[in-house]
Structure formats: structure tokens, C-alpha cells
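Next come the structures, one after another.
The same chain A turns up in both complexes below, where it pairs with chain B and then with chain C.
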Partner chain A sequence: MRTRTLTPPVNLMNRRHTSVPPPTGTWRLGWTLAGRDYAVLIDRRACFASLGLLVVLLAISLLSLCLGSLALSPREALAGLFGHGAPMNVFVVRELRLARLVAGVATGAAFALSGCLMQTLARNRLATPGIVGIDNGATAFAVASVVGVGVSLSPPPMALAGAATATAITFALASDVGTRGYRFIVAGIGVGAVFGALTQLLMSRVAIDAANSAYPWTVGSLNARDDVALTWLLCGLAPGIVVACYLARAMRILRFSDAVAQGLGHRVRACRYVALALSVALAALAVAVAGPVGLVGLIGPEIARQLSSHRGVPLIASALAGAVVMVAADLVGRLLLAPIEVPVGIVTAIVGAPFLLWILLRPAPRFQS
Partner chain B sequence: MNSPADMAPPLVTRQLSLSYGRGNARRSVIDALDLQLPAGQVTAIVGPNGCGKSTLLASLARLHAPDAGAVLLDGRDIQRLPAREVARRLALLPQDTQAPEGLTVAELIRFGRQPHQGLLRQWSAEDRRVVEEALTAADLHALADRPLEAMSGGQRQRAWIAMAIAQQTPLLLLDEPTSALDLGHQLEVFELIRELAASGKTLAMVVHDLVSACRFADYLVAMLEGRIVAAGKPSEVVTAELVRELYGVECTLIQDPATGSPILTNIRSAGARAN
Partner chain C sequence: MTEPISHERVSCRERLSSRERLSLVKLMLILLTGLGLVSLMSLLFGAGDVGPVAAWSVLTGGGSDDARFVVESLRLPRTLVGVAVGMALGVAGSLIQAVARNPLAEPGLLGVSAGSALAVAIALVLGASAATLRVSVAQLGALCGCLFVLAMARVNGVGSDPVRLVLAGAVLSGLMGALTSVILLVDQRSADEIRFWVIGSLAGRRLEDLRAILPSLSFAGVLVVVIARPLAALALGERVAVGLGHHPRWIRLLCIVAVAMLVGAATAVAGPIAFVGLVVPFVARALAGPDIRRALWLALPLGPIMILCADILARLLVAPSEMPLGVVTALVGAPVLIAVVRAHRLPAL
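== the complex of A and B ==
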């Protein structure tokens, strides 16, 4: 039988227990509930990095609400956002720019979170859904549903099916290595090339109108968003972020070799499957909204890792950095050659290519043997 | 307190059979092997390359599921125990110790507390005390905030053993803990292993060097082609015949005048005997 009453000495003892000095670089949040001690460690640097990225995201978001063919002051933009001010301003901010901003934030966060998850589970910074062909698989299937090849599903479920197919094929080709090492990446690049060709083939076989409506999916753009697809993405992203927060602790251990992780009692296989499923689903849902802007999945986590602590896997910081990159790239694309719009996929490709080269060519990280 | 020798062996194999690969590529490595790790002692598993000693160690640590037979941890089938439960009783230092970039010694050792922690129980007074103790045991206090990459091989290996110490397990398995270390660093690691045995832990290690195994182990298990060909006190089981059987080399055995453990001298290939 458990006693419900707590005597003062127990309480005092608990209070002493909850003030354990935390390890360097962390805060310890301790509390006592029903006679048991609980504590959560918060990594200071990771916390500051995420807060900083959040501030940058808010700033760039405000900027993207202000700038465009109709330039608004921040005050006008904020007034318009809350339904005040000139009707024209309200319309531009709420109907045109806000929806686009939400799409940018959601797709950027989804791509980058997806990228960070896959990089961690494959223990390789090149292993992002954009590079291992998962984006291309999702794109091919989404395009197929738009140009109409006898399949009547809407783009999001088609993109999910495409991403799952590409992942399954890549895994089958890389067989015994699992998600490890270059074999997985090389197989993924091959699978991605096949799906890319398939997309081109689909585009060339249909009437020009149908091809035009599918064009956004082939370059990556926030201009022709589908509201249904955006709803799918938001419904996937919200629980995805919760799962990612839960996974963050387990993902730290996944960075060790499998034998070390298993020796610590970690269920490596189960954790990797959950992370992979989440990564593939987020990439697919983001592709259904904006097309393959996969390089955000490479740039976002890289920025997050530079800013955040080496102690953990910066899942939340990656999502925030991805959102910043996506919104910024879209803003640049809208303004650079105005009134002509440069698709966000092209902007991120121009920025992302040097990043990719840097990752490929920089000195190999020193892992211990 | 009972002396360690009176205690039941904490880790036992019963008719253990292990194999590698799948389908047609399946290759049997170990067949119906019986082994007991003596409590509170250091067991060294030796044998030529490919004799199955590392596979056996992986199986003892629950990383390799058997085809038949079982590994019993405190009398219970290790495969049926939850992973966390096993990690609280048995720590492993594998050969492949890849760690995240930038991780410091203290941070690595903290990971050893993982099996005792939870999502909402991340850092207790107990965790702090145990990590401090592990730093002391491995003599790493001065290096606590040094990144692993910036340390010597011996220091790094001591840091990994300290992580295993922080797991607070009565059992510790080590897979070639001194491979790729020079003589001084090897000694550093072996001395730490002896200290852990003196503190009451049961240890088992796969070792390549027979002389080191004789010098630092209480119990020697010699394996050949998946079988145990000899097991017992090193000074009793190591003979010139055993060395020939295991490695195909001739040698003369003498006793270390300082420690009494066997030393191999005049090593030559078996064919050279005819000359």
C-alpha cells in the first residue's frame, strides 16, 4: 500500500534532491510529484539557437508580409494581418501573402526536419530525402495525379505513395547495409534519377495545359499552392513536431555506432523505423505543397548544427532554420526579377549547390576508430 | 559479504549455436557451446581470427540472437529480457566505438546513465555521483571537458570504459579493448580492467595477444572454429601444444620471473620444425 501523506522530512529531502547541480552547458528543471523526483535537462546553447532562429523567422515573416508589388510598412502589414486598415492592405496581407507565408514556413520546417531526421538515422550529412530520391519519387507520383494517368487521388496521398515507393526501392537496392553509409546514398541517387526521368516523361506525354498545371511540382514553387495539400501538410507537421521532440533524446544515441547504442539498452531498430517513417512522410507532404525544394532539407539542418550544441540532435532548430531559409528564398524569388517570379526551388538550388559542394569537399569529420 | 568465487556465474551459455548471414549465405560460427563466466573474475577469450570469439561476445551482450540454445543472464534468457534491463546489468565496450563529433569525456560518460534515466528523469543526484565516481575510477578528472578526438588512444579507451562503469553493471564485456594501442596504453587499459575486477565486477574480454591474456586474466577460454578447446587458469591451460593447435605456430613457453604468467618465446611457424 502506498501512503498518500508526505511527512515534512521527505519533502525537505526531495527539495535537496531537486537542486542537483546540472552538467556544464545545461539547465536542470527539477520537480517532485507524489514523492518522486523528476528532472529535465535543457541544453543552453540549443535553447538559445532555437530562440534566435524563432526571432529571425518572425522578422523575415513580417518582411515577407510587407514586401511585394504593393509595399507596406510593418505597421500597415500588422494592421492588415489583424483586419484593420485599408481594405486593399487587408486583402493583400491576409488573402495573398499570409497563405503563402504559412505554406513557406510549413514546407521549410517539414523539409528541414525530415532532412535532419534522415541525416541522423543514416549517420551521414548527405542523406537527405532530396538527395536520396525520395522527393523525386513523391514528385513523380504527384505529377501523375495532376496530369491524369487514370489515378484519381489528390497530390498529397500520391506524394506519400511515391515517397514510400522510392524509399522501399532504395532500401531493397542497398539491402544489407540498411540505411548506413554511401551504399544507401548511391542507390538513392539512382532511384531519384529514374523518378526524375519518369516525371519528365509524364510531362512530355500530356497536353500543354496539363503540363503547365503540373509545372510547379517539377521546379518547386510556392506560387500555385493547393490548399488541400497545405492542410494535409499542417496536419502532418503538428504531430510530427511532437514526435520529433519525443525522439530527440533517442536520436542522440543513434549518433553512436549501433553496438554502442544497443549496449546502452537503446532499441536502435525501432527508433530508426519511426524516424524514417516520419522523415519520409514529412518530405512527401511538403513536396505535395511546394514541389521538390529538397535542398532546404540540407541547408536547414546544417545551419541548425552550426548554431546549436554538439550534445544533441537539433531537430527543432532545423525546422526553424528550414522555415527561415524557405521564406527568405521565396521572398528573394518574388523580388529579384519582379514582376517575374523566380520559383523558390531555383533560388534554393542556387544557394544550396555551394552548400552541397562544401559538404562533399570539406575535410572528413574526425571520427574515432 | 560472499567472496566472488562463491557466487553463481552471472553469465552462462547453454548449447549456444550462432550463425552469420541469411538464406543460402548462412554460415554457422558456433555450435552447441557451453560457457560460464566465473563471478568476480576477468575472463579472456582468445583464438585465431575467425574462430567466432567476437560473435560469441556479441551474443553474450544480446546483440546477436542465437539459432539454438541460450545465453542466460542471472539464470534468465537474455533475449527475453528488455534491452534496458540488460543494459542495467551488463555493459559492453564494442570494437566499433564511433561517437558524435565534439563530444567530451564527461558527456560520453553521462550517456552511461541512459539505462537508468527516463524522459522526465534525466539527471538525479545519483547520476551526478556515479559520473563523478566513474571519472575517478578511470582517472579522467583532468580530462573531463576534453573532446574525445583530442585524446590519446589509451585515454579514449579509458573514457569508454568509464562510460561502461557509469552504467553500474555487475558485468562488463569488452571486445578487443587494446587493439590499435601501443604498449603503454595497453597497460593503462589492462590495469583499469584489473581494478574493476578487484572492485567485484565480472569481466570478459576478447583479446588477440595471448601473453597479455595470460598476464591479466584469471580465466582463459581458448576457441578454435567455434569450439572451446581449453578453459581454465592461464598458467594451467596454456601449453606449447595449445599454441600450436590455435595458431599453427611452434613456441617455447617460459614463466615470467616477475609474475609467474606464461610467456611465449622462440616463436616459429610450424613448418620450420622440420628444418
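== the complex of A and C ==
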């Protein structure tokens, strides 16, 4: 999405870059800092896509603040957001809906960013953390911490440990078969099934109260979010997005072969490790807040890829699209069967599964081996 | 088989087959002994207070009233239901693997069990509650799931790649699971009625449950006996099967009907249990070779052995309470799935 070009020859220093026109479909942003010229190429279509998604996200966020068992007009909701209007409205908007909205946006962005990174790394558009078993690993460990088996760590670090374990197992199992094909995915499904069974085992060992408190972990819901976990996620997401933007250029080269990336001067191995670690960490932190809603990691990047140009890896657009999907799914889940709340994980499963089937059954997939 | 074969080859083949048949009988004897032992264990061990010694004294004719009640009214029906469910799932797994030509095909993984669970949930919401109705509804749902799987297997690219078909099935199964949980959320009454059923368990099953599924199980058994031979011919390829006078389309259809009846009956009694239909044919093929008829014979004792072992573990691992049966089978079956996927050359069926 972004290209940074350093200008090597010194005698060109005084010349303006505008003598070379930027490639079609991009804008060039040039500046001089400490005697050196820098330029950034901005992909026009990716930029428009991100802006459009941002507008949609703002609109649906406002909708999410307005709608619920107490319906507010947009004006009332905004007034309540800034602390004006009836105390009831202020309470509902700021205490109840805003926290939930922030959690939805953050988890959606984290899941989608994580999915986009892992898809690019594995060169496989089905390789999202939810599908290759990483979500289930994080869930199993987080449930272990909730029902108190031996250790007394809080859910987020435990989810991190679980996600790292599941990733290590899945990638170790894939060392023979590679990460490109479907075998990788099915090996991941197997790993996920083991961790899912472990979660059930933990739940069946404990008393009914502890099992009830751990139940949201197994379906994925924004209802029982933990404030500490949300803080962890926000602290991880902010630097994560920055690192992802830094990686974006290397990632778009990594989509080709390792030899090409190495020939263009990228440190393939380091870049891959950083991206994988970031992907796993984001997925784990998001699971610690909302439980396994992994299909967002598939839907978000797919929407972003359709909207953006094929040149780059749409990391920012993926994060925005994931946030939109998450907030929308949560809104639908809250409103659909009004007094009962359908957990967001179930809504995304119902929406995402046909989508996944469509990807699978399409005659000529673009992204897979 | 119909092509002209030279004399030596015939004699060689006959010798081979007679030796294999002998080994099949031996294998069956060994497995049946194993099944007897496992059934005995299933009667002796339990989560409650009645230990193996007390249960043994009941079996030999003595024992207290409590122990007698536990063994005769709780553990015996449970064991019998486990044997029936294991047979059904093992045979169904072998059949669906043969008809989809895919060593990874499994009723639970492909969404057939989830389809029947969804059908039962819908029926309960619509007001049904009779046990007999539940069996037929579950079979209907399983049939829909089977037909969908078969349709997917025919799509170009998916059918030729065994792993891709499993992926599609896993997605389908997730979708049905989500729909089932929505129904359970909406309708509290049916939620209470089937909450312990949707996770898959043998706990508290009675002899009436077994009686409800016996007719369809025996019908499916007759069907399997009829189609076993054409199915073995179909394994040689569609043209060979046609050349031998079979009708591949009809074989497939009958096979699917048999799978739907078996899986539907098993699901109606025990809930969706995954991975049994994957592990049992895998082991049966390893023991018996590629011939589907021999594999089907071996699947008959192997399925109950796996189910009963898993059920005993489910009772003993978390001693005062019980674990869902599906959890244990998943813990055993998922590594087998990974092993099959990792094998460099998937065995072609």
C-alpha cells in the first residue's frame, strides 16, 4: 500500500522528484528531512477503499450506539456520548454501548489484521487463525485460566500462551506438507479439534457456575468482555497496526517466492517471524476479549481485497473491514431476536460459512496453489 | 475379474484369497474377543460408587440391590446402545469413504451428523417430542447432509481433492452447528430437552432408545449386504463396475441411503459423535487391506470397541461427573486425521 523510496545519488539532491511522474493510480508524497529526500507512493484505490470503509465504520458505530432496547435518535446518542442530554441516555450510551462498541471495533480489527497477515504469510487465503486452530488453542488456555486449573494467570497471557502453542504445533505439523495447500488447513482443523475437545473437557470438570462463566469463551460473545483484557488488546493493537504498516511493503513482496523477496533485499526470515508473531499475538488478545470469532479474520481481509487494488496487501483496509463486520454482526445479534441476544460468534458463523463455502467451491481460486 | 486371467494367476489368486479369508476369520475372532472384554469392562467400571468388585458379584448372581440396579438398569442398556451406535458409525464411515473415494470422509466431519442434529432441533421447535419421530427426523436430516456432501464431491476440483472436500464439510458442519445453537437460544423448552443430547453422550440411554432404532439399523444392514459386492466393483472404477453389470448411480444412491439411516439412527440415540467413522475404517483398512467387504466386516466389531473404550474413559477420567463422549473420540480421532493428512500419498480409494 505504501512505498518508501530512498534517493541514493547525491547529485540529484537538489532536483525535484516531480520530473519523474508517479506510476498510474498512485500519488507521490515527497518531503526532505535532514538533507535527504523521501517519497511515499500512495495507492489511490487502496486509499479510497480505506476512507470508504472508515465512513461505513463510523456510520455503523453510530447506529450501534443508537439501537438497542432503548432506541435513541442519532442526535440524542451523540449528545449522550459527549455527556449531554438525559442522564439515562448518557448512562446507556457511555457506560453500556460505548464499551461494547470499542470492544467490537478493537476485536474485529485485530482478528482481521491477524487473518490478513497469516493469509499472506501462508500464501493461502483460507489460512486464518480461526481455521487453523489458533483461536481454539487460545480459547482452551483462557478457559483453563477462568476455571482455575493449577495456574492463576489472567486470561490474556494465557490466551497468548495457548495461541503460541497451537501455532507451534500447526506449523510444525505443516513442515512436511508446506503451508500452501489444503493439507495445512486440515491439519489445522485437527489441531483445533483437539483444543476444542480440551476446552469441553475443562468445562465438564468444573462446577456449573464456573462452567457458566466460561461459556461465552466457547461461542464468542461481546457480552461478557473483560475490561483488563480489553486494555491489553488496545495496548497490543496500537503498536500492532504501526508494525503492520511497516511490514506492508515487505509483505507484498513476500507474496511472490522467497527467492524474489530475497533478491529485492528483504530479510525474508526475520520479516516472516515478525509477521507471524504479530498475527498470533493479535488473534490471542482478541480471543481473550471476545472468544473465538475467527471467521471475521476471513471475511474482513476478503472484503478489503475486493475493494483495494491487487498491488498491495490491504492491511489497514482489512482492519477497518473487520471492525465493520464485527460491529455489524454484534448489532444484528442484539436486535434480531430482541430480548434474547445471539452471540456474535454465531452470527459470524452463519454469515461466514456460506462465504467460506463459496471460496472453496469456486472453480478457479486466485490465491491458492 | 471378468478379463481372461492366465492359469497360474488364478491359482495364485485363489491361494491368496483363501489365506486372506482365513486371516479375516482370525481377525474377526480376535476383535470379537476384544469387544467382549471391552463390554465386560463397560459393565464393571463406572463413575458412581459401584466398583468393579461389586459389579462382578452382580454378574455372577449375587450383589446388593443398589449394585444390581446400577449394573442391570444403567450400565447394561448403555453398553448395548454403545455397541449399536459403534456398529452404525463404523459401517457408515466405511461406506461413505468408499462412495466418496476419500479416506478422510467421515459422517461427523462432513456435516452429516450436524445435519441430523439440526433436523431434530427444528422438529423439537415445531412441537414434536416422541422418540420414534426423532429417529426418522434425524435420518431425514442425515440424508440431506449426505446428498449435499455428494453434490460437493461432484463439483470439479473439490471432489478430486480429498482434503478440500473435508474442509467444505467442516464448514458445513460449523454452519449447521451455529444454526442449531440459534434454535436452542430461541426456544428454551427444546433447549432443555436436547442440551445434553447435542454434545454427544451415552449417559442415561435406555433400552427403549435401542428398540426405537433397531428396525432402521437392521434395514440398513440388509441394504449393506446387498450393495457390498457392487461397491467393491465400483472401487475398481466406474467403467469396470458398468462392465461387470452394475449401475454406479444406483449403488451410490443406495449407499447414501444406508449411510443416512445408520448415521441418523446413531445420532438420534447418542447425539453427534465425530471421528468414529474416520478412525474405524482407517484401522479396518490397515488390518484387512483395500477390499471394502472385508473392511466392512472388521468395522462391525471395531466401531463398538472404539465407542465403548471412549465411553469408559468418559466415565472414569472426571470420576464423579461425566465427560461428553464426543470429546474423547475427538481427542483420539483428531491425531489420526492429522496423520492421514500428513501422509505424503493419500491412499486412493
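The rule is simple: the second predicted complex is superposed on the first by the 337 of 369 C-alpha atoms of A that agree within 3 Å, B and C clash if a C-alpha of one lies under 4 Å from a C-alpha of the other, contacts with A are read in each partner's own complex, and residues count from 1 in each chain.
As a working rule, a residue touches a chain if its C-beta (ideal position, glycine included) is under 8 Å from a C-beta of that chain, and two chains touch if they have at least 3 such contacts.
Remember, predicted model here, so these are calculated numbers, not experimental data.
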Field: Partners on chain A (chain B, chain C) - clash or fit
entry: fit
Message: Contact-wise, after the overlay, does A:Ala353 reach chain B, chain C, both or neither (first, second, both, neither)?
response: second
Query: Looking at the overlay, what does A:Pro239 touch: chain B (first), chain C (second), both, or neither?
result: neither
- prompt: In the superposed arrangement, does A:Pro23 touch chain B (first), chain C (second), both or neither?
  reply: first
Query: Quick one: angle from chain B through chain A to chain C, Cα centres, nearest 10°?
result: 90
- prompt: So, A:Pro74: does it touch chain B (first), chain C (second), both, or neither?
  reply: neither
Message: Is A:Val260 touching anything from chain B or chain C once the two structures are fitted on A? First, second, both or neither.
response: first
Message: After the superposition on A, what does A:Ala193 contact: first (chain B), second (chain C), both or neither?
response: second
- prompt: Of the partners chain B and chain C, which touch A:Leu41 in the superposed model: first, second, both, neither?
  reply: first
- request: Working from the superposed arrangement, determine the closest approach of chain B to chain C, counting only CA atoms, in whole Å.
  value: 16
Contact footprint of chain B on chain A as seen in their complex: 17, 20-24, 26, 28, 30, 37-41, 123, 246, 249, 252-253, 255-260, 262-267, 310-311, 365-369
Message: Residue numbers of chain C touching chain A in their complex, please.
response: 104, 152, 155-158, 161, 163-164, 166-168, 170-172, 174-175, 177-179, 181-182, 185-186, 199, 274-275, 317-318, 321-324, 326-328, 330-331, 333-335, 337-338, 341-342, 344
Statement: chain B contacts chain A in the complex at 58, 61-63, 82-88, 91-103, 106-107, 110-112, 114-115, 119-125, 127-128, 145, 148-149, 156, 164, 167, 180
Task: Would you pull the chain A residues touching chain C in the complex into a rising list?
output: 126, 173, 176-177, 181-183, 185-187, 189-191, 193-194, 196-198, 200-201, 204-205, 219, 337, 340, 342, 346, 349-350, 353-354, 356-357, 360-361, 363
